[in-house]
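Before we start, here is the structure in question, set down as structure tokens.
Here the chain labels run A, B and C in written order, and each chain numbers its own residues starting at 1.
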Amino acid sequence: MRSRWLSLKITLGLLLGVLAHPLAASETQRCAVDDAGKQLCLTAAAQRIATLSPGATELTFAAGAGDQVIAGVNYSDYPPAARKLPLVGNHTRIDVEALLALKPDLIVTWVTGNPPAQMELLQELGLPIFAIEPRTFDGVSSAIERISTLAGTETEGFAEAERFRTDIAVFSEQYRHAEPISVFYQVWETPLMTINNEHLIGKVLQLCGGVNVFADMPRLVPRISPEVVLEADPEVILTGSVEGARDVQLDHWKSYPKMRAVANNNLFYVPASPISRPTPRLLEASRDICQKLDIARDR
Amino acid sequence: MSILQTRDLIINVPSRADGFPLSICIESGQVWGVLGPNGAGKTTLLHTLAGLLPARSGQVFLNNQALIELKRRAIARQLGLVFQERQDSFPATVLETALIGRHPWLSPWQSEQATDLQRAQQALATMDVDHLSERLLSTLSGGERQRVAIATLMTQDPNIWLLDEPTNHLDLHHQVKVMSLLRDQATLNKTVFMCLHDLNLAARWCSHILLLYTNGDACWGEAKTMLQPSALEQLYSQKLITVEVDGAPVFVPVCAGQ
Amino acid sequence: MMRSLLALSVIALVATVLALAIGSVTIPPSELWAVIQGKGSMLHSTLVWELRLPRALAAFATGGLLAVAGALMQVLLRNPLADPYVLGLSGGAAVGALLAMLSGMGALLISGSAFAGAMLATVLVFGLAHGTGSWTASRLLLTGVVVAAGWGAVITLILALTPSYKLPGMLYWLMGDVSYARTPWPALLVLALAIAVIMPLARNLNVLARGSMQAAALGVSVRPLEWTIYLLASLLTATAVTTAGSIGFVGLIVPHMLRLVLGNDQRIILPASALAGGILLVLADTLARTVIAPEQLPVGVITALLGVPTFLYLLHRSR
């Protein structure tokens, strides 16, 4: 039974995949399955796209549909062109009236980031919603492809997605034999928070040959005790640095001069925005982090 | 020996005309009773005499010193009060309650000594509540609580005793007991000044009477001269019959129908 | 009565040792003993002396401060339901702290800003309740409660305007958490000073608990005493909030539990509150650190989970 279901699922998946593929799609139907598992079909390429999270904005631009984006939210700040977009509120509280006034023909949302009640309302109003939330490198490429399918910008979108795949593969190859080095990634100082390996940041660490000391924590972003960090004694401590703020978030570790990361001066800051968004800029972030780990290896 | 004096005192009863200014001299050995209908300002007068409420005008003197110039602690060593209403937001035992009477006599770091405890226990015994020592105040009957309040004042042992309806809630036996205690204190040169509702208790036990009228008028003097039926009838707007029993006048209200 | 204080001191010591012994990293008793003698491994010495001890002391001081502040507020307002936050002080502190976090300030400035907010709240309520001069405990309570509601609205406003990546820090601060404590010393110092100041006033407080008129009649200068308690309780609460955010429950429940067992003599209740509040928070924080270790829980959850059944049991048992 199980295997029959599985095969059915695969068949369906293939079928959908074929449908979603630009070459197979009919000229009147553009279909794609979003990260919430829902299929969306448009009769024509979306020309007025509203993006309801900074990540959604960034991915839509990456899909080559930047010119069709008509709305963003607070902190929709990348690429620079996105800063000129009209805003429809905060991603946790959408200004539905402003959004409707802009007459979008596609709304790209964030699966867990937007308020469900408002999303239901938009659905009831008959607006086409496409929810994304990539959790893997390939998920980023796939999201770009699917958005470009809906926006009719397949050429640019699929090229960008492929470029991302290739570059990640190159990195992966380059660091495949890199000496493993233990890393603690600090998401937040007080309370002390980190990420496990399910998190994209954890995947970037793995890519660079870093060994996340909290790889197997049950939760994606666990709140942990400083004790276990001292016990794990990682070789490198990383954190995101916020633009325009002084980097002090790692200073508190300096009171433990005997920690390996502190003794070897391996406390590093990487720009927070590229690493915290599942977008092609993860490449920049990976480059940054791999570089930092290389520095640590050389010390 | 303590003297409580008022000079042209007008108590501050909200939205009432000033009335007649009080210039009274309350001396050791005297037992004063304040009589008056509800709302005449008896409690206000008592609180003003204790310095707990500001007067509208005039002054109160304690041993020839203006009350407002004295520290609360110095006043509390000379003058104590039994309130008509008591607050107990927090649980407290009977003995603890009596013991707070020693507060004005103890320095900040000092705790109650054996002699203080003895005084409190003695006072409780006098008021027949010593068997309730460890009970919580909130579990007592109204009369028992009244007796504990008087025992607290006894433990405080000031020269001047101000009491607001000391016989409230008390059964007959304890009414008599409290009134004789107060008279005994007066014979020991203490000063007693109390508000009363019961004319007959006043007639029986008080040496001096102050009549307080609703409009702020007042008159005072020795009990024999003050307890005139006509004045009392006017005070309470109530017809009275006067008889003499056991050497003291007894006032009985006339029923409306008669 | 001194016996109960002694017993509490012993429990406090045991709780502290427990806090030193237990954590995400297991240190066996023999190893702990070695560490105490200065002979343990480097990691274990660091864990015990640099992480667990300062944190246990901070927890103790915070709990003590909150419990004493609660006991004082209850006497001041003659209301057993009063707690250190009833007059909106934690709201002021929270607004200060959240504004500092919103503008991306460092930990020290967040603490400073929280303290400034708490003191601003104190002065605001003081001024408003003082207003026309007719001052009563119930007027102070009403003013405080209304001002607290105002702070609550401002907090919600700040949270609504804050970018989401800053929210976790803010929410944890609002829940109260000992991991915010940088150093236990200011809090311990304030607690010790407060006890030294309040002990000579304790009998005055006993009298004040019977009502302001009765207290005045027994020689207490009620108004100055009430302002002293108010300012002192505010200072204690501000210090606690600055140390570890607004941890609820301790200030309300600890003085009550003690009253149920020890009676209402402030000379016992106040030092006992300092000890018992400290014990409760040390134990709660130890649990918060270890229940789902290495993950951490906010300590407020544990204080409530420990305190509610204990309190209900004592209440049920009492007369």
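Here are a few things to note about the model shown:
As a working rule, a contact is a pair of C-beta atoms (placed from the backbone, for glycine too) under 8 Å apart; a residue touches a chain by one contact, two chains touch by 3 or more.
Here the structure is a predicted model, which is why all the values come from computation and not from measurement.
Judged by the touch criterion defined above, the protein chains link up one after another in an open path, with no loop closing it. Comparing the CA-atom centres of all chains against that of subunit A, the greatest distance is found for B. Relative to the centroid of every protein C-alpha atom shown, the closest chain centre, again from C-alpha atoms, is found for C.
Chain centres here are Cα means. That of subunit A falls 41 Å from that of subunit C. As a whole-number value, the distance joining the C-alpha centres of subunit B and subunit C reads 44 Å.
Our note on geometry: subunit A versus subunit B, Cα centroid distance of 81 Å, whole angstroms. Across the assembly, subunit C contributes no residue that touches 2 or more other chains.
Of all residues in subunit A, none touches 2 or more other chains. Touching subunit B in their complex are the following residues of subunit C: 74-75, 78-80, 199-201, 203-204, 206-207, 209-211, 213-214, 216-222, 259, 263-265, 267, 319. For subunit B in complex with subunit C, the residues that touch the partner chain are 47, 50-52, 71-77, 80-81, 83, 86-93, 96-97, 100-101, 103-104, 106, 108-109, 111, 136, 139, 156.
Every residue of subunit A that touches subunit C in the complex is listed here, in rising order: 74-75, 90-93, 113, 188-193, 214, 217, 219, 222-228, 230-231, 233, 242, 244-246, 248, 255-256, 258, 276.
Listed in rising order, the residues of subunit C touching subunit A in the complex are 23-25, 42-43, 46-47, 50-52, 104, 106-107, 160, 163-165, 168-169, 172, 177, 179-180, 289, 293-296.
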